[in-house]
Amino acid sequence: MRPISSTPPSPSAVTFEPEFVAGLKTLFEELIVFNRTLGLQITEISPGRARARLAMRPELIGHHVQQRLHGGVVSATLDAMAGLAVMSALGARHMDEPISARMARFGKLGTVDLRVDFLRQALGGHFIATAEVMRLGSRVASTRMEFFDGQGRLLSTGAAAYIVS
Amino acid sequence: MRPISSTPPSPSAVTFEPEFVAGLKTLFEELIVFNRTLGLQITEISPGRARARLAMRPELIGHHVQQRLHGGVVSATLDAMAGLAVMSALGARHMDEPISARMARFGKLGTVDLRVDFLRQALGGHFIATAEVMRLGSRVASTRMEFFDGQGRLLSTGAAAYIVS
Amino acid sequence: MRPISSTPPSPSAVTFEPEFVAGLKTLFEELIVFNRTLGLQITEISPGRARARLAMRPELIGHHVQQRLHGGVVSATLDAMAGLAVMSALGARHMDEPISARMARFGKLGTVDLRVDFLRQALGGHFIATAEVMRLGSRVASTRMEFFDGQGRLLSTGAAAYIVS
Amino acid sequence: MRPISSTPPSPSAVTFEPEFVAGLKTLFEELIVFNRTLGLQITEISPGRARARLAMRPELIGHHVQQRLHGGVVSATLDAMAGLAVMSALGARHMDEPISARMARFGKLGTVDLRVDFLRQALGGHFIATAEVMRLGSRVASTRMEFFDGQGRLLSTGAAAYIVS
């Protein structure tokens, strides 16, 4: 049987300027204050894709006995990462614009809707979240996301749509 | 045209003991630590329904310029409230059990999946979240949720499914 | 507790021309051939809302023993009705356009994503589907849908997003 | 960056009896009458996975001018294929049961909810749908689905949850 895999968006030949990557990193790790509350550490940004690390902390606990991560942390992280992946896809599409103009597109980005499927309990010291843009249109972007534990086990998957401009 | 409204679950004649309500409130406001990070204040718990208030705080900001609430706060809040509504529906179904046994059902509750639709930007000093159990089966509960601003404007809607036992 | 109800879109004072309503009815009942396969009968079209009747037929069966409606009929019907509700909302927004221009907007309408929650088995001789536009933006419309049996029991709920222009 | 791929369920060493595969094929292609209306041809059934082919036909058209497949055909097909993948996962788990007992589990299978993301218009002479079980619990199964055109382009993705027993 054909493996069920995403047909990836054609790999972009775009290479981002370090300033653009650093700008997105600061935006998503610090200026979006709730992402700091979550403790997202962006580890990769490439056209249409993003990846972050999240460390377990007491404030993020969803079940006091089992010490598992709150599902809301998972959904918030996946939404944040999908938004970052969309920003990177927009950045790659608009390389002709100055960095500031590409960054300013964040102001017009909006989550339309989000779905998260919770497959396994989120236990452990840290987690990895990834997001990929499945389609970038002129008005809407569609994304898929995955959430793993430190051993690479898939804990949750997600899908989200964004308004873009 | 018939108004599009939820056909409410048949109103339960169940009245919870104050200890059960207080126990759920403590569980959802304090023991689920991330709900404390969000700042959820449970204002009503009745069979199959729940309602909370959430105050805007700097840690919850999603956009530093527009000062709007992070979408992840909305989705985490709606997931939490739907879980509480399911706990209250389970509590109503199992009034023959001691309170401790009803509370212990939380340990077996799990979110299967969550969808959130973001309709309008979440701006303002406080917000209200409500959740309702649409169907409580023996294995799965289905819920709907809504998120309002302080003026009662509908900002987001959601749906989620839970494993129950 | 505050009833969980949709904050309705501000009731539009728009009254559609009979030709526009008839045109949408023909489009959704006949030109969208699969809707004819489903057997949708549009019973109401008003700004941002739509309603249809669907009769049970052998071709729509999902379980041969229980004789229940196939879940795919439910999801296809809800998608179709939400699309019609969006068309009616667009029609109300663009009453300054000739009917043909409003009808032509269908060519640019696209479903972004769809969620359906199946609450109860769909049994009986006929069913009712309703859809409501929760938000009509310039690029995306968000909708909610409900599916009832002939006795008015809520069987399924849905949410969908559409690209509009 | 780590490719965003599904962590596959551990490959099962289970080999189904030809009678079981044939029984599922008959069930999904013929006894579920609406699948016959859709024209699903099951091409593969393996533990936790399923795949089908669907030919374009006039009855399935969603847009008369563009001659594209109705979105409801996509969502119905993905729901059907995910249900079949769950049946095959249940079959693999219960190889100790006689075939008839495994087949009878279909009577207790129910879709809890379904999400479909529509990425690209469905045009062409035939289509391929695949489904994979991401998690098979004792009460709920979670699945992911994909819908391709004849050239292998990814047109739609989906996720669905099922009650199992």
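Just so it is clear, A, B, C and D label the chains in written order, and each chain counts residues from 1 on its own.
Keep in mind that, in the parts below, contacts are C-beta pairs under 8 Å (C-beta built on N, C-alpha and C of every residue); 3 or more make two chains touch, one makes a residue touch a chain.
These numbers come from a predicted model, not from an experiment.
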item	value
Pair exhibiting more inter-chain C-beta contacts, B-D or B-C	B-C
Maximum centroid distance from chain D, chain identifier (CA atoms)	B
Chain B-chain C separation of Cα centroids, rounded to whole Å	28
Cα-centroid distance, chain B relative to chain D, in whole angstrom	32
Multi-chain contact sites of chain C, meaning residues that touch two or more partners	112-113, 115, 117, 142, 159, 161
Chain A - residues contacting chain B, complex	31-38, 58-66, 70-73, 75-77, 79-80, 106-107, 110-118, 121
Chain A contact footprint on chain C (complex, rising order)	112-113, 115, 137, 139-140, 142, 159, 161, 163, 165
Interfacial residue positions of chain B with respect to chain C in the complex	1-2, 4-7, 44, 46, 49, 51, 115, 117, 119-120, 128, 130-132, 134-135, 142, 144, 146, 148, 152-154, 157, 159, 161
